Amino acid sequence: MHLVDRLLATDRRIIYLLVGLGALIPLLIPIGLPVTVTPPVRSAFEKIESLPAGSVVVISFDYGPSTAPENDPQAGAVMRHCFARGIRVVGMALYPLGGLSVAVEEINKVAAEFPVTYGVDYVNLGYKDGAQAAMRRMNEDLHELFPRDASGRPIGELLLMQEVRSLKDTDLVFSFATGIIGEWWINLVNAQFGTPVAVGSTAVGTPKYYAYLKAGQAVGLLGGLKGASEYERLLSDHYPDVARIYESPLLYTATQGMDIQTIVHLVIIALVLAGNILYFTSRIMRRSSPGGRRA
Amino acid sequence: MRRQLPLVMTFIAGIIPVIALFSPHPIVVNIAARADRWLVIVYAFALLLGVVSVVQSNSRKIARRDKGWPYAVVLLTGLTVMGGFGFLGNFGIFGGITTTPDGRPTPFQWSYSNVFLPLQATMFSLLAFYMASASFRAFRARNLAAGLLMVSALFVMFGRIPTGEAVPFVPMITEWIMDNPNAAAQRGIIIGAALGAASMSLRVILGIERSHLGLGRGE
Amino acid sequence: MQDRSKRRRLARSGSTPPLRTAFFPAALALAAVAGAACAPASAAAQGARTQAPLEVVAKDRPGDAGGRIVVTWREAPGAPASTYRIERSSDGTGPFEPVGEAPPRSTRFEDAGAPAGDPFFYRVVAVLPAGEAVSETTSAAFSRANWFRNDRTNALILVLAFMGLIVGFIEAARRGTKLFIRRISGLSAIDEAIGRATEMGRKILYVPGIQSMDEIQTIASLAILGYVAKVSATYGADLDVPNRDPLTYAAARETVKHAYMEAGRPDLYREETVNYITYDQFAYTAAVTGRMVREKPATNFFIGSFYAESLILSEMGQTTGAIQIAGTAEVFQLPFFVATCDYTLIGEELYAASAYLSREPVLLGSIKGQDIAKALLLVLGAAGVVLTTFGNPIVANWLTMR
């Protein structure tokens, strides 16, 4: 079998190995590729920058562990921004697995990096099912919807929630969504009640949110891991304390992830180009071989 | 009766949301909301049916020592242990389902965070590898359409990374591909699929389509 | 006596007019001055009354669940108000309490806090530079829950037109009109794919999507499953239907059992044919891909609603050399199926499958009706694009659902 044909029939495991190395090497040896900030991310950043200390931002963990690598850095970056500015955070989840795991872990992890107190500066209200119905109720009475927080404490006992009785007492909703829930926040809460909404979505879902951004229904958009890395860049530029947090070698950051994404994208592009070159070479060789053209 | 009752219930369950779309009256809205809650209840019973099926088929596999029966043992062990942690946690044993009152994780939460989540993340990560092998095999410019597909894919992949953004025109072409041919094709498929879904739903509501109920044409 | 005669003498001499004759002009002058002073105030009062908003009407807001009353008025000519204050009372005499304000030049206000069944009386106060002008009080207005949303009339017309077309073509098909639908290669290949599995002595894997029975794609998938099961039973091929959703599992069991009975081979049905795995998306994917690798089915069907696991399933199936037929309406997963499967049913081809496979006239009629509706929608869309490009958004507005 000619070399070209042998290469065309490369064992998949070689391809998997190349991708694996492409993911592992930047993890061990950070490259630090430059990150340019795009307008949708800057818009989200500036919205939070415009909120004074003491404002309340609702952070909704509408994703599960499967998209955590993309959405966790987004949620972490936005929460760090809020805590760095003294903005208070009300955490919740409308996606079942979001409430069980990612909300708890991410909130606790980020809160441990700042001098904030549970119940005063931030709360985790946990998961509520019936997303759309829950959103409608939120504008009337949050306390009725979440009688207890994620760890079972009555909501009335939390100092922050004594001031926040409904969405009307909040200044922004930031939804980190894996699917359609981000659209529901925009269509229900922003369109009907006027609360500003920003979204952090997976890369696959980002294209559809552009339409809402252009229409002014979303005040900002973080698209996938790239959006998170851009937000981290903005944070590091404006808040030196947060920049120090991101320099910690034990923290998985979106910027690190972008290095990996870059290399893996380049590997796949190289594989596609190589596959085509080999394919056309094989065709030309067959045409010009003594056996003549293929039927 | 066995034939008529499912069809009648399908009709009622199907027509209520349609009416609720056009009627704001509280009576209609309450009925529609109630129907949603019924779905949740029916679901819970169906879940029970599913669990019984899993336990039955895997027990049978172990008893007959079918091929791969050790995996059935692993499955049943996992089901019993995780299910047990969660179930008992509801009654206060272990201090709760996910967190104990003093904030420490329960065995259920520990298994979830340290066993289940890494396994899920691993499965999802397979996508990256499979995308590479699928791209290598499928993005060959065999004809014009395949060639256009390949060129678009290369531009979008390159335009979405910092290196590509630094190259002139690449981001612009990437955005144009996403905003124009991609969005147009998606919208076309969505509209066509929505009409197809509406037609199918109408057939189901009117009882013309009934194979999913286990009923034939003649019945 | 002397004074009087002295005054008469003075009067006769013309030095001063007599008192009686002096009084009237003085009084007149005084009256004129007083009148001049009072004129602006009364004119103002007169003017203010004519500057009050006119034609004030309060009515129930149509097409809502009650609790809202709409107040409309007309601005008095030549009297632009800086703001309008809307006041209401529960009887016509007062006290009137403000319920809201409307910006200048507005003619409408919606009171969203009017409980259904209670009477409310409204008046509109125009705040003018010179003061305030209060309108007449309206008659009693009651808010009511309505049965129909007027703002969705356009949607209702479209839905009824669509249903009419479908039902019309179904009736035409019932009466015997021959209807044609084009060849869908994915569906034509089903028989061949099942035959291949029978020849190779390997099984057929059918994945009915990962969503529940409330997703119409799942129902369409079960319609195709019925056909696949019937053909498999006829050929004697082995079928495996793993499920992620419990409701789909229950329905698939019934579908397959019935199909085997219809094929006259109820003996071939085993409990393991349709089985439930788990609800978790990736655990289900791991189980199915494991089966593909160990049992190497000859034919894989991926028909229904899929999310991220679509590529994992189809690429793994590709490695085992199976012939693969996929069908979904999830636009984000279609590219993965197209790249890895031999045949892919795109969007509405999935929904047309049951009609296509059974060739039932009634089902074919519904496909025809749907196609005609799509053609009409295309024409409407094209007209809307042209009109909007030339600045007339009438079609675009009419096609917007509130």
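Chains here go by letter, A, B and C, matching the order in which they are written, and residues are numbered from 1 within each.
Just so we're on the same page, a residue touches a chain if its C-beta (ideal position, glycine included) is under 8 Å from a C-beta of that chain, and two chains touch if they have at least 3 such contacts.
Remember, it's a predicted structure, so these values are computed and weren't measured experimentally.
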Item to check | Between B-C and A-B, the pair joined by more C-beta contacts | outcome: B-C
Checklist entry - What chain lies farthest away from chain C once each centre is taken as the mean of the Cα atoms? => result A
Next on the checklist: Nearest whole angstrom, what separates the Cα centre of chain A from the Cα centre of chain C?
Outcome noted: 29
Checklist outcome for this item: Distance in whole angstrom between the CA centres of chain A and chain B is 20
Checklist outcome for this item: When centres are defined as mean Cα positions, the distance from chain B to chain C in whole Å is 25
Checklist entry - Could you say which residues in chain A touch two or more other chains, in rising order? => result 12, 66
Checklist entry - So which stretches of chain C touch two or more other chains? => result 282, 308
Item to check | For chain B, residues contacting two or more additional chains | outcome: 120, 124, 131, 133, 135, 137, 139, 186
Item to check | For the chain C and chain B complex, residues of the former touching the latter | outcome: 63-66, 145-149, 152, 155-156, 159, 162-163, 166, 170, 212-214, 216-217, 219-220, 222-223, 226, 243, 246-247, 249-251, 254-255, 257-258, 262, 271-272, 275-280, 282-283, 285-286, 290, 294, 308, 311-312, 315-316, 318, 329, 331, 334, 336, 339-340, 346-348, 350-352, 354, 358, 360, 362-363, 366-367, 369-370, 373-374, 377
Item to check | List of chain B residues in touch with chain C within their complex | outcome: 18, 21-29, 39, 42-43, 46-51, 53-54, 56-57, 60, 67-68, 71, 119-120, 123-124, 126-127, 130-131, 133-135, 137-139, 186, 189-193, 195-204, 208-209, 211-217
Item to check | Footprint of chain C on chain A - complex, ascending | outcome: 12, 66, 204
Checklist entry - For chain C, which residues count as touching chain A in their complex? => result 281-282, 308, 319, 332
Item to check | Residue numbers on chain A that touch chain B, as the complex places them | outcome: 10, 12, 15-16, 18-20, 23, 33-36, 65-69, 100-101, 104-105, 130, 133, 150-152, 203, 207, 210, 226, 258, 261-262, 264-269, 271-276, 279-280
